[in-house]
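Each structure below is given as C-alpha cells.
Shared between the two complexes below is chain A, which pairs with chain B and chain C, respectively.
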Partner chain A sequence: MILDALFLINALLAVGFAVAMITRKNPIYSALCLIATFFPLAFIFLLLWAPFVAMIQIMVYAGAIMVLFVFVIMMINTEKQELEAGKPKWYRRIAGAIAFLFVIVGFYSIVMGINSIAPVDSSIKEEFGSTAALGHLIFDKYLIQFELVSVLILVAVIGAVFLAKKNLD
Partner chain B sequence: MFFTLENCLILSVILFSIGCYGVLTKRNILVILMSIELMLNAVNLSFISFNYFNYNMMNGEEMGHFFVLVIIAIAAAEAAVGLAILVALFRNRDSADIEKLVEMKW
Partner chain C sequence: MLSVFGMLMLFVSYIVYAERRVSAFIQDRLGPNRVGWQGLMQPWADAIKLILKEDIYPDKADKFLFFLAPFIAFAPGLITFALIPIGSLDFSDPQAALAISNINVGILFILAIGSLNFYGLAFGGWASNNKWSLFGGLRASAQMISFEIAMGFALISILMTAESVNMNSIVHSQTGTLWGFIPRWNVFVQPLAFLVFLIAAFAENNRLPFDMPEAEPELVGGYHTEYSSLKFGLFFLGEYAALITMSAVIVTLFFGGWTLPWVSQETMASWGWGPIISGLFSFAVFIVKWFAVMFFYIWVRWTLPRVRYDQLMNLGWKVLIELAFLNILITAAIGLWL
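For the complex of A and B:
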C-alpha cells in the first residue's frame, strides 16, 4: 500500500517536471526542471531495490551532467526572444502525433505482452543491488565491458577538449 | 496493486515520449540535448524495473543495473561532446538556434 502511494506520487512528480521542462521558454528553467525530474526517478529506483543506481543517478546526472549544462547555458547566453519564435504549426502537430503514437504502441504492447510476477520482498537477497554485489558483477563478469566504457570516456574527454578549443585549425 | 511492471513501463513510455516531443519541436540545441537525457533516463527506468520484477528468472543477478551504469557513463560522454560541439558552433555562429543550420538543406 505504502509502496503504491510512493510510486504514484513520484511518478506524477516526474511526469509533471518533465512536461514543465518541455514547456519552459528559458533554457535555464528547463535545466532546473530536468534536475527536479531526476530526483523522483531516483526515488523510484530505490523502490525497485536499486540503491546504488539511485545514488549514481543523483550524483552523476543531477550533480555532474546538469552542472555541465548549466555552465554552458551561463556561458553562451542565448537570447531567448529569437528562440521559441516557433516552428510552423504543422510541424508541432506532427511531432505531437509521433510522440502520441509512441505512447499508444507502448501501452498496447505493455498491456498485451507482459506476464511477470514480482518477487516477494522477503525472497530477495539482502545484498541485491548493493555496492558490493554490483562491484562483484562489474569486476568479475563484465570486466572487459567496463574497461571499454572507460576507453570511451577517455575518447569523449579528448574530443570535447579538442572541439571546444579556441582556434580550431 | 499499483506498483507493477506494467505501471513502471507505462511511466517509462510517457517520459520517453515527452523527450521525443522535445527533440522534435524545440529549436534551442541545449533543450534538445536535455530532452535526449530525459529519454535515456526513461530507458534506465525500464531496465531497472525489468530487473526487479523478473528477479526469480534472473537468478538474482543485477544485469540491468550494470546496463544502467553503462548508459549513464555513455550519457555523460554524449553530453560532454554535444556541449563541446555547441560551444564551438556558438563561437562561429553566435546562435544556438537549430533552424539556422541549413547548409545541407535541399
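For the complex of A and C:
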C-alpha cells in the first residue's frame, strides 16, 4: 500500500518534471527540471530493490552529465536570443501528436503498473540488486557484452577527440 | 536526527570561529577575542548581524533561481552527514552503528548527493546576472566535475580493500593492525588513494589552495558576489557544512572511523559495555579524529598559496586521475595474487 503510494507519487513527479522540462522557454530551467526528474526516477529504482542503480542514476546523470549540460547552457547563454516559438510547421504538429501519444501511454502504464511493481514476497533475495550481485552479473555472466560496450564507448570517445582536434587545426 | 542537525549547526558556526582564531595564530595575530570569553560568542554575533542585514535582489537577476541556489548549496553537506557512522552502540555487532541511517550503498549515496551542491554555486552565479559571479559558477562546475572523477577512482581502491560500500563495514575493515604495529587504517594501507582523495576533497570543497570559484582578487567574491543577508549566510554555512561532512568522511574512510587504533574489535567487544557508554566512548574517539582533520583543513588553508586555474585543471586531469587508476591496478594485482 505504502509502496504503491510512493510509486505513484514519484511516477507523477517524474512525469510532471519531464513535462515541465520540455515546456520551459529558458534552457536553464529545462536543465533544472531534468535534474529534478532524476530524483523520483532514482526513488523508483529503490522501490524496485536496486539501490546501486538508484545511486548511480543520481551520481552519473544528476552529478556529472547534467553538470556538463548546465555548463554548456551557461557558456552559450541562449537567453539573449530568445527562442522564437513561431507558427507550428506541419512536422511540428506531427511531432507534437506523437509526443502526446507517449504522454498518454506513460500515464496509462503508470496506472496499470501499480499492480505489478516490486512484489514484496520471498522470491526476492536480500542480495538482489546489491552492488555485489550486480558486479557478479556484469563481470561473470555478461562479461563479453560488458567489454563490447566498453569498446563501443572507447570508439565514441576517440571519435569525439578526433572531431574536436580537427576543428582546432 | 534533530540533535545531530543541531550539533552540525553548532559545529558549523564554531568552525568559522576556529578558522579565524587558527588563522590569526598562524599569522601571529589575535583574531576575534572580544565577544564573550576569548571571543567564544563571536559566531552568535555574526549570525545576528547576517540576519539583520537587508536582503537584496539584483535588478536583472533571475529571481527564482537566485532564491533557490543558496538552498541547493546548503543542503547536500547536511544530508550526507546522515550516512556517517559517528559511533557504535554495540562493539560486537558490526552493523550497530550510531548513525541516522545505515544503508547498504552508503558511500555511493554520499558521493551522489555530495556532488549536487555544485548546482547551488552554478545557478547562484548564473542567476546573479553578473560576469564575475558567472565566472565563479563556471569555474566551480569545471573544477568539481574534474576532481569528482579522481575522487571516485581513489574511492574504488578503498572499496576494494574493504570489500563493501557500506560505511559501517568500511569502518570495521580498518580494525586491527598491519604487521603487528601499524593500525590497519586505510591511510596506511592505501596511502596513494588517501593522497588523491585528500587533494580532490580540497578541490571539491573549494578550499585553498583550490578556491578558484571565489578567488577574491580576481572575481570579487565569485558566485556569491551579489548575495547578501541570510542567502549569503547559507552559502557560507553550506561551504563549512560540506567541509565538516568531508572531514567526517575522511575520518571514516581513512582513519578507522570511531574505532581505536591498535585495539581489535574482539577486545572492544569483550569490555561488555552497554549501548550508551559504547556510543559515548566511540563518539568521543570519532570526534578527536574529526577535529584533527578539520584542523588540518584550516592549517592548509593558511599555509599554501592559491594555484593558477590551468595548473589546477592539469593537476586534476593529468596527475590525480592517472594516480588513482594506477592505485586501482596495484590494489587489484595485490588482491589477486596475495
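Basically, the second predicted complex is superposed on the first by the 132 of 169 C-alpha atoms of A that agree within 3 Å, B and C clash if a C-alpha of one lies under 4 Å from a C-alpha of the other, contacts with A are read in each partner's own complex, and residues count from 1 in each chain.
Note that in this section contacts are C-beta pairs under 8 Å (C-beta built on N, C-alpha and C of every residue); 3 or more make two chains touch, one makes a residue touch a chain.
All values derive from a computational prediction rather than experimental measurement.
When the two complexes are overlaid on their common chain A, residue A:92 makes contact with chain B while staying clear of chain C. Of the two partner chains, chain B is the only one touched by A:111; chain C is not. When the two complexes are overlaid on their common chain A, residue A:63 makes contact with chain C while staying clear of chain B. In the superposition on chain A, A:134 makes contact with chain B only, while chain C stays out of contact range. In the superposition on chain A, contact is made by A:32 with chain C only, not with chain B.
The wider contact with chain A, measured as residues touched, comes from B rather than the other of chain B and chain C. Of the two partner chains, neither chain B nor chain C is touched by A:16. In the superposition on chain A, A:75 makes contact with both chain B and chain C.
In the superposition on chain A, chain A positions 52, 56, 64, 68, 75 are in contact with chain B in one complex as well as with chain C in the other.
Across the interface of their complex, chain B is touched by residues 3-4, 7-8, 11, 14-15, 18-19, 21-22, 27, 30-31, 34, 37-38, 41, 44-45, 47-50, 52-53, 56-57, 60-61, 64-65, 68-69, 72-73, 75-76, 78, 82-85, 87, 91-92, 94-96, 98-100, 102-103, 106-107, 110-111, 114, 116-119, 123-125, 128-129, 133-134, 137-138, 142, 145, 149, 152-153, 155-157, 159-164, 166, 168 of chain A. Interface of chain C with chain A (complex): residues 62, 65, 103-105, 108-109, 111-113, 115-116, 118-119, 122-123, 125-126, 134, 137-138, 141-142, 144-145, 148, 165. The touching residues of chain A, counted against chain C in their complex, run 28-29, 32, 35, 51-52, 54-56, 58-59, 62-64, 67-68, 70-71, 74-75, 130-131. Put simply, chain B touches chain A in their complex at residues 1-11, 13-22, 24-28, 30-31, 33-35, 37-38, 41, 44-45, 48-49, 51-57, 60-63, 65-66, 68-70, 72-81, 83-88, 90-91, 95-97, 99.
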